[in-house]
Amino acid sequence: MNAAELVEPSIRLTARDVTVHYGAKQALHGISIDIPDHAVTAFIGPSGCGKSTFLRCINRMNDTIEGARVGGRIELDGQDIYAPDLDVVELRARVGMVFQKPNPFPKSIYDNVAYGPRIHGLARSKADLDEIVVSSLRKAGLFEEVKDRLNEPGTGLSGGQQQRLCIARAIAVGPEVILMDEPCSALDPIATAVIEELIDELRENYTIVIVTHSMQQAARVSQKTAFFHLGNLIEQGDTEDIFTNPVNKQTQDYIMGRIG
Amino acid sequence: MNAAELVEPSIRLTARDVTVHYGAKQALHGISIDIPDHAVTAFIGPSGCGKSTFLRCINRMNDTIEGARVGGRIELDGQDIYAPDLDVVELRARVGMVFQKPNPFPKSIYDNVAYGPRIHGLARSKADLDEIVVSSLRKAGLFEEVKDRLNEPGTGLSGGQQQRLCIARAIAVGPEVILMDEPCSALDPIATAVIEELIDELRENYTIVIVTHSMQQAARVSQKTAFFHLGNLIEQGDTEDIFTNPVNKQTQDYIMGRIG
Amino acid sequence: MTSTSLGQAAARRERVRAGLARRHAGERLFRAFGVVAIVLALGFVALLFTDVLRKGIPAFTQSNIRLEITFDPELLKVDPAPVREAGQSDADYRAQSLAWQRQVAMLNWNNVIEAGLRQAAPAGYEIDARQILTITETDARHRVREIFVADPGLLGETVTVDLLASANTDNWIKGNINRELGDAQQQLSAPARALIDLFVENGTISQGFAWSLFTNVDSRSAPASAGLLGALMGSLWMMLIVIVLAVPIGVGSAIYLEEFAPRSRLTDLIEVNINNLAAVPSIVFGLLGAAVFINWFRLPLSAPLAGGLVLTLMTLPTIIIATRAALKGVSPALRQAALGMGASKTQMVFHHVLPVTFPSILTATIIGVAQALGETAPLLLIGMNAFVAAVPATPVEQATALPVQIYLWQANENRNFFEPRTSAAILVLLALMIFLNAIAIFLRSRLEKRV
Amino acid sequence: MNTLIVAGLLLVLLGLAYRLGWAKSRSLVTPEGARIHSRPQYHGTLTALWTLGPALLVLAVWAYFSPGVTHWYAVSQIPSDILVELDQAGLNRQLQRIRDLASGYGVPGDLQPFEATAGANLGRFQLLSFLIMTAATAGLGVLGLSFAQRRIGVRLRARNEVERAVSWLLIACSAVAIVTTLGIVASLVTEAFRFFTYVSPLDFFFGTVWAPRFSSTGAGDAGQYGLLPLLAGTLMISAIAMLVAVPVGLMAAIYLNQYAHRSVRAVVKPVIEILAGIPTIVYGFFALVTVGPFLRDFGNAIGLNISATSALTAGLVMGVMIVPFISSLSDDILNQVPRTLRDGAYGLGATQSETIRNVLLPAALPGIVGAFLLAVSRAIGETMIVVLAAGNSPILRGNPLEPVSTITVSIVNQLTGDTDFTGPQSLVAFALGLTLFIMTLCLNIVALYIVRRFREQYE
Amino acid sequence: QSRDTIQIAGSSTVLPFSSIVAEEFSAAFPEFNTPVVGSGGTGGGFRQFCEGTGDNTIDIANASRAINAGEAEACAAAGVTPIEVQFGYDGIVFASSASGPDFALTPALVYQAIAAQVPVDGALVDNPYTTWNQIDASLPEQAISFAIPGTNHGTREVFDLNVVEAGCEEVGLPEGASDDACLTLRQDVVVEIAGDYTETLARLQSNPETIGVFGLSFYDQNRDTLKVATVNGIVPSNDTVAAGEYPVSRPLFFYVKKEHIGVVPGLADYTEYFLSEGVSGQGGILEAAGLIPQPAEVTAEALAAFQAAQ
């Protein structure tokens, strides 16, 4: 599980000198990183170091935050995602996001998953849509649990189920990249374990970036790890290397529990 | 710093079979623990396991939560704190509390600290009060930083300073026990270090109970540790023992990062 | 740990304990103030309601007179009603029957009623024609005539007719006017009063539910038959206009300001402006309505359309502010979820945010509309205090409104009769109001349960 | 009738446009999956919008110009020899007759020969211009439709364009509020200005006597229009109302928010809010027939001379009306005070009332003051209660037991009385309205400023 | 097509009569709708009346005074020709609480009671009287308190003219007194009522020593609580007013828009019906409602004038 990939995978996302300001305050001081395909990349670091901020840059969710300004360049498959003629809506369909707290829409389970395909016009018919919903739920490992109550509200599920529903919802749009911001921090240990397993499975088909405050989790699920500190990317590399053999003193301190 | 006390200290607080219900939901399933004098006791455990709930039982802050019911028995110096004739106000003067997010009153720094002594009528004169304020601020390690602006609002301080102000405010009443609920979780690493140092100093004069989600922090500041899981007290003992040699499988899993 | 610090702790505890009694007393006092405030507020609600109920309830019953009316051909000298002949054109027939109706209207129907009254009275009761007719309401002759027009075959027949007793009769029976007063101070003559008492005894006059209050329009010539139907309809029309206009505009405006508008001077200005509009006295809206809708757009005076527009403008800020508050309350998680799915901002708002806030918007709307329903002052300035004796079939026909009707009735010169009637009208308005508020509260509680 | 025809036509056109746009965009999607930017619904809507826009433009132009053109045409129908003899009033009357003839309204008096033809011509002219307008509307609509239809393509960002249109619509909704304010200001200012040509602003704002007289009694002057007695009455009543409402409302809010059991709160709060829903006319009536006489009798019993209709009566009842306003707002504001602050005080051993008085209220104070100011502006603008219960005596005096008058009452009186409409008697109402507007505006700005500052503390 | 409901607006004094006629009119003429009677006061009525002709303007203006020059001008400018119809009188009475003593007043007495300054021994001094018997020994010993209509009421105009000015002349002002002296009232005992008579009644009930100014019909309907005062020894009643014996009365009018006759259906019929014997004549329905009928010949003249004008 913890084994690093043997073949170096192709790069999906590249970031160069990304800076973010919230009003006068600078939250990121020039982040450059390459994120590989078909792998899980974990961002770790103490609270407030800018992990979420950087994650939000990747699907331009920062656009929705008032006063946030993004500098530098991020490319998805070689295309600048901050290019003026790029349609954000399209980008977000390609780069899905799962949040810290499970946030299903207050609609039925079916509608939760069907929403994305509907607005993006992905299904030509009702049967098409059904098919997308079922396969997404199945991929998220939720189908068996909810197949009898697809019309009940998604908010009625347990925390872990809700989070998987959110993952299914993100998958349904057929994204290439899935961003997860502390997806397990609101869950109990058992639900966490289920999600972690799911992430490991999804890796086969998606590029996954996950933010976590738990080094243990990073060690468990990721192949690559990036350590952030005070708005800087301190160190990045194969997860195994970072955890067993950090180069940087700060990384070391953090991993040993001396800071944070 | 991490050294456990050599002499077994006297027991200040004892809890026996404490249960708490929030409405229909049971949050604590019979907690029994002894908390020693002049030592820092840390409560650790995954989110939602009932650490804060138990902490709030000790100074009866649960009284202020609608629908919360407390069962069992807690004694402070042998006196039942849930006895019907016990005055909560007096109890809270003896058992101070510091919260997760620094919450200074929107008053001047001076008034923040003077508030407790004032309502309890602890100062005979203005000079008395001045003296209490200054000595409390000094004990909280804040005096030097704020002595020139005692009349400025407490909300104008930095997060770490605010948290120390809250500690000073709690000390000013002259409590015997100080309860701290994740006092550093809203602070940056540097401020956290300052507070941790302060806790270590305060230990000389007070009985301190601290809730933390960080095992590293527990290891750094406490002499005794209690591990909570799903509303149960799984294991307790000297911090060193718990971290190096946990008896219980769940404790072990948690400490190794396998759960939570 | 030293013994001195132990001693200090003990001393401190003593200090704290010493102050406790006083502090707890203060606590109790403060609490008592709170209770007093609540009791005062509730007491006033109770007082107001009992007072209005006490005054208004009697007006829900009314004195009715049951008479045997004979359509005596001696008294009613009238041509036979026209019968439609074969080949007669519509217009011809209508003209003919109108002419006949006019002829019927010119008859002195009071004679017929007088005969009926005398028949009900003990034989040979001494009272002159003028006095005996004060017992029935003045519109009795129209009622009787309508019966005849509807069925001209009744000529020569006798039918039992229920008529309204006059307002003064009602006052006398209910004791609204002091029964001890002398002749000079009574509205009815002594023989008439005695006869009424006789009628009450022999059952000719009985008390019944005052249906006229709900089925009739306002009347000045026949106070006892004055009703609220016209005013109710006027109010309903205005509410309809307010709902149709204020809700979409208000919600749209709130959405723009809360979700789309960039923070700028202009939006700040709009915000200040809306908050200000919410507090602008209603009478100023009346001035605006008079100047803009009546004088400029030349909308018909005292029509529910103009009233509805004025009330719309008044309600708008309420709805905008409440909707904005509701939108603000939507959790950012939901917004992020939608945006994260690749929904555009518009889609996010219309697919997710708005449905979630729907109940609060509905509540705000109901409350706003209820407020508009009770508004009087601006309507006075756009002429809605006109006397309208018809039910408005469209919003451009003249009408009055419930609160305005209350205002008009409280000024009616027949104080003895209209004071209870005004209270009754108030009860009707309050019932409507409480009904609307109850819906709002119900929705709110449903919403709270769902969240 | 005519408007119905046009509206029906437009609806049909719109439906057609939507359907066409939808179908065309849908046909773009090929089996090999050329992904179109926007969904067919958006293309349909966009096409419909392109159809609606030009059509509405035509209608707007027509609505603007047609009265002028019709007027010109009607004038041209009057023979010139008659035209030269007519003065303005005569011309108006003549035109009205022709218009009435054209619309089949019928006219009194003898019909002049040219009138009949003029009426008929005008009728024909109106019909013709209506037909032209309809054709132009339809034509331009179709033009827009075909243009939009041609634009449809895989990369056309129909959704973005539709959304832009929606946001413009929403902006238009927000503009209503601004337009309302402008309307208020414009309608008040022009009339108030006309009033100030009769009475100098100095006399108005600083005059101490309110006695608008009749111009016809021969008393010569047009009366005195001093604002101060009305202002004093307004302020006195508002002050009494606040004296009642603030303690009761605030304490009720505190009790419900902090002490009351949830079930008590669930019952009491809506009951108190009923007070807010009661129409003011009901309060007015209640004050007039119940509270006033009670106060008078009460005054007699304790040897005080209280008028039944007085500042006290109106103020008391108005205070009751405002109670729920203050209690609701204060309740909301108390709810906004973060729980952590409350916990901080409890944790120090403060009793509940100490927590409320020392921590909660000071923290919520700016918000509460803001609420009070809003309540004051409501009291100042309240009309019906004072119309019925204040006693309407515009005299400058300081005794709250005596009748007073207020600005709002005077507005109603001046606009609904038997006064001469050509004089300052009725115009003064607008000056009073303007004064009222400015007063509440100032109060609101202050309140807003305070509330804003308060918000920043927690966010 | 053209509007088919008669629109009326104007004086609130005329409004009750006008409304009653409107109701009865529609009962008697089933082919016409019930006319709508707006309020707004005499001035407001004329404002609407003189706006012009056509659908959106009123047909009849009720008035408690004759049209004045400014209003007539406005009418003419808008192409409106008003036809004046006088249909009866309104009596204005002084009434006090039914439980109080009787009053026999004269304009002079009223003037002395309420003027700000009165002549005493040839000099104008601030009004010194506090009780009625100080003015005249025949009057009861009761504090002076007077509720009069506010200046927005037409009634006030009549009161000023027929009572205050008349009383002022009777008493006679010393040489050199200003023109205003007659009409300046004291504010301590005089209460101006801007609302309707109900409000005056409420004032009376709250202070039973008050004497209030009412319409005769209002007094008539509330005889159980009110007691009327004589003026110059004359008891106000329909007969005394109609005969011109009772001094405080005024004629009531309505103005018909000539341009609308024959256009708005029923306009002429309404007018003629209004002036008919059974409506505004002796013993007619309006008399029962408190109107003081004018002599039949005056009505006949008005009718003739109306018919001639249309």
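Every chain is named by a letter (A, B, C, D and E) in the order it is written, and numbering of its residues begins at 1.
The criterion applied here is as follows: a contact is a pair of C-beta atoms (placed from the backbone, for glycine too) under 8 Å apart; a residue touches a chain by one contact, two chains touch by 3 or more.
Chain identities (UniProt): A, B = Phosphate ABC transporter ATP-binding protein PstB; C = Phosphate transport system permease protein PstA; D = Phosphate transport system permease protein.
Quick caveat, the model's predicted, so the values are computed rather than measured.
Following the contact convention of this document, A, C is the list of chains adjacent to both subunit B and subunit D.
Compare each chain's C-alpha centroid with the centroid of every protein C-alpha atom shown, and the nearest one belongs to D. Across the assembly, the mean Cα position most removed from that of subunit B is the one of E.
Chains C-D form the pair with the most C-beta pairs in contact. Chain geometry summary: the mean Cα position of subunit A and that of subunit B are 36 Å apart. Chain centres here are Cα means. That of subunit A falls 59 Å from that of subunit C.
Note on chain placement: the centre of subunit A and the centre of subunit E lie 84 Å apart, centres being C-alpha means.
The set of subunit B residues touching two or more other chains comprises 89-90, 93, 119-120.
The set of subunit C residues touching two or more other chains comprises 16, 23-24, 344, 385, 410.
The set of subunit D residues that touch two or more partner chains comprises 159-160, 288-289, 349, 351, 354, 387-388, 415-416.
The complete set of chain-chain contacts reads A-B, A-C, A-D, B-C, B-D, C-D, C-E, D-E. Note for the complex: subunit D touches subunit E at residues 88-90, 92-93, 96, 99-100, 103-108, 211-217, 219-220, 223, 288-289, 292-293, 296, 307-309, 387-388, 391-395, 403, 405, 409-410, 413-423, 425-426.
Touching subunit D in their complex are the following residues of subunit C: 16, 23-24, 26-27, 30-31, 33-38, 40-42, 44-45, 48, 51-52, 55, 248-253, 255-257, 260-261, 269-270, 272-277, 279-285, 287-288, 290-292, 313, 316-317, 320, 344-346, 367, 370-371, 373-377, 380-381, 385, 403, 406-407, 410, 419, 422-423, 426, 429-430, 433-434, 436-437, 441. Taken together, the subunit D residues at the contact with subunit A in this complex read 29, 36-40, 157, 159-160.
Residues 46-48, 185-186, 188-189, 192-193, 214-217, 219, 257-260 of subunit A are the ones touching subunit B in the complex. Listing the residues of subunit C that touch subunit A in their complex gives 263, 331, 333-344, 347, 351-352, 355-356.
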